């Protein structure tokens, strides 16, 4: 089972978290959420409303771009909204799912996309949180994804809280966190990931052991759908 | 000179108040401002930007509708804005002229379009001020027009102040008021209107006499342009 | 994809008495006439009507006893037909509450609803008795100390909009002026679209910029040819001047208005299907 | 009608040092590339750049010493090219101030400017360190007692937008996503449009809904074929991946970046006219 590519496992795991009828949004630099939303629509969520930063509503892209602001994501859209419209949708409580990420993520599911080191004079100035400070408290569910799972990413203490809010799940190459009572708990380990490896890679304490469930590997139907949604493997691009 | 039709005199007098390059707006129920803006563009203000409640920007209507919200006013527009956009334009100080009216107008140029009698239980419920409470304080210049000039219209005391603000001129069938130091002063009497008649028709004290200037009657060029802008005499419709 | 098509009767039946109803269009133009007539037929009561500038729709809903409050900046028929007489009677008698707005404060209340914030600042209103009459409060800007009026969020329970074209998923194309329809579609909890015709949504893909109402905001789509009547619906039809003249003539008198409603609307005579 | 056409050099020359400049487009797409290069050539200094999500434009203006502050929600090249290295260097060294926003607070600041109000409420931001870091204040709603953050108005001195088609009067047609371009055109004191091609405005009359930027808001129109480069400009051109890769490779090092700017931008080599 360890020969499951992490990008395939993550894309499928993220898609499984989406339900038909939900409004689902991703912003810039989000290949995996793009693939996951389209995959979920293909598989079990035909009535999912796929929204993205281009202002497309349920587009049917002919190919998947690496830049998730790419005009290719407009193909097939029947209406055009603005980023402001999408923030408003979340602000009034009508956005069901927002995909967000963080360079640092703490045990409460809060994220840092702003700076490493002192905020006023950082050792590393990060890109910034884009929509996250507004979306995380207002979207009904926030799904965080991160292609790196190590102690520099999952930290005890954020250098800066860029955003905090309604985090539901965190998906990584090693497994899934679910947020309960404001804390991230390990929901499952991906096939071939040992509890020790997961604990070692996580900078805050986690309850994980032999009893921890294993993420069901992508089944044939999921893999076939993934290959047809993302034939060029754009999801893989996030792994550099 | 008394054979000048009041709608012609008013349309020409209103057009003369508009300058090239100004952004000029009217809303619902505004045939005279519609004609005046188009007439000014034809005559001396070719670069006037004519905006109206339909969201047209410099339209070239094939015919003039009686309803000034009519789709006919969109003809020839090259962009489409919304009423909200136009209020915003005024709000940020970029609307040069707004045409407004009042069922009652007081000596300060304030208007009542809300109610006659006690506001909570009016003897006459009026249509309401539409955009005026927002536009009057924010537009750079407000031009009031009213086709009735009598003591029930020009009153000492409004029953309700629907809107107050940057009134520059008031145009009536009898003459023009200009607002100086917050008070309406008589600027000119239309040809054939006596100072006594004007004073008699005005419910607040006005300084008017033999020395009061006479509004220059529409000249041939103005009348020719008016006939070509408003061949069907839509301006006249305001006189019932 | 979800097919949101339903009948006008079913779409209107879902509106509870006492609902806050936003109506699309402006004065004589592109109002949802058929839906308004169905509201009268179904004898809805206690409605709050939200619109920047209303005319026949507001006047009729007052005459028929459907409206309890009107939140609008202007109610009248413009120059051709004059004042809204039934609205006048209803407000003067106290039967209907005039929640007077500047059109800009209707828009501000909708914008607050759209953005999910409790209030929206609005420029102007200074010197007007309206803020005191309506309880609009001025706040001090914490950055500049300037004062500005703020309007509370106004969330319609339902927005009813008439468009020229819609697809079964609720994407709505508006030809010509959009008025406040797009704001209403975003601000309302539910959205009912009536459309001159239902088309295949694929036809919108070539120019999505032309689609004013995104389908995912819409709950019900009703095919209603002539559904704006007696309002105009460019480029298909002008407002029905003869009908509106007849209405204004009876609107002044309760009995005459009721007889007109019974004959022309409840019985359906003279109302295009 | 006024002919607002001018040269890029003249349009940019009118921008004073220290101006607040809003740039259209988003990350790799439809940014005003030619105008940004002209800003570098004219050696503007002390600019505040306003954008929701910037990339090459912000990075270059930091490397070239034109920018003093960046008001943006995100600055990076997205997955293909990674972080904005020159921006990083400039902020880490203190040469440029990162005025970090959520993209939604950029929009809120522009909305306040557009509406002529001192501040704009914005949903969310709770639990974030951003309000404290940026001095965004929460107000109590006078109607509901709820608390909401408000963002001060942000009025750009100039907005620079690249569109596919414009007429000499400044009506601008945007094909595809409009991003924040329309908001910037409304909020800014002056608007400069660069356009792939200038067309007769009569061609817009058939479908004014397609015209995103009304001409009366625009001060200068510049014909700039390929003027988005190295950003994408759908459907005409994709972003220039090879050029951006070359830039990101040198952006990390001041000397290498300066040499690149001298050779590729100041000398104009490798920059399509």
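A, B, C and D are the chain letters, set down in written order, and residue numbers restart from 1 in every chain.
Everything below uses one rule, namely that contacts are C-beta pairs under 8 Å (C-beta built on N, C-alpha and C of every residue); 3 or more make two chains touch, one makes a residue touch a chain.
For clarity, every value in this text was computed on a predicted model and none was experimentally measured.
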Quiz item: If we look at chain A and chain D, which chains touch each of them?
Solution: C
Quiz prompt | Pair of chains joined by more contacts [C-beta pairs], A-C or B-C | solution = B-C
Quiz item: So what's the Cα centroid distance for chain A and chain B, whole Å?
Solution: 57
Quiz prompt | Chain centre separation (chain B, chain C; CA means) in Å | solution = 27
Quiz item: Per the centroid of Cα atoms for each chain, what is the distance between chain A and chain C, given in Å?
Solution: 40
Practice problem: Report the inter-chain centroid distance for chain C and chain D in whole angstrom, where each centroid is the mean of the CA atoms. | Solution: 38
Quiz item: Out of chain D, which residues touch more than one other chain, so two or more?
Solution: 115-117, 122-123, 209
Self-check item: Per-residue multi-chain contacts in chain B, two or more chains
Solution: 74, 80, 87, 90-92, 138
Quiz prompt | Chains that touch, pairwise | solution = A-C, A-D, B-C, B-D, C-D
Quiz item: Within the complex, which stretch of chain B touches chain D?
Solution: 23, 46-47, 49, 51, 57-58, 74, 76-81, 85, 87-93, 138
Self-check item: Residues of chain A touching chain D in the complex
Solution: 27-29, 31, 53-55, 66-71, 74, 80, 82-84, 87, 90-92, 110, 114, 119, 121-138, 160-165, 237-238
Practice problem: Please give the residue numbers of chain C that touch chain D in the complex, ascending. | Solution: 112, 115-123, 137, 139, 141-144, 146, 148, 150, 152, 207, 209-210, 212
Quiz item: In their complex, what parts of chain C are in touch with chain A?
Solution: 1-2, 113-117, 167, 169, 171, 186, 201-202, 204-205, 208-209, 211, 213-216
Self-check item: In the complex, chain D residues that touch chain A
Solution: 26-29, 52-53, 72-76, 78-80, 83-84, 87-88, 91-92, 94, 98, 100-105, 107, 111, 122-130, 133, 176-180, 182-183, 232, 234-235, 239
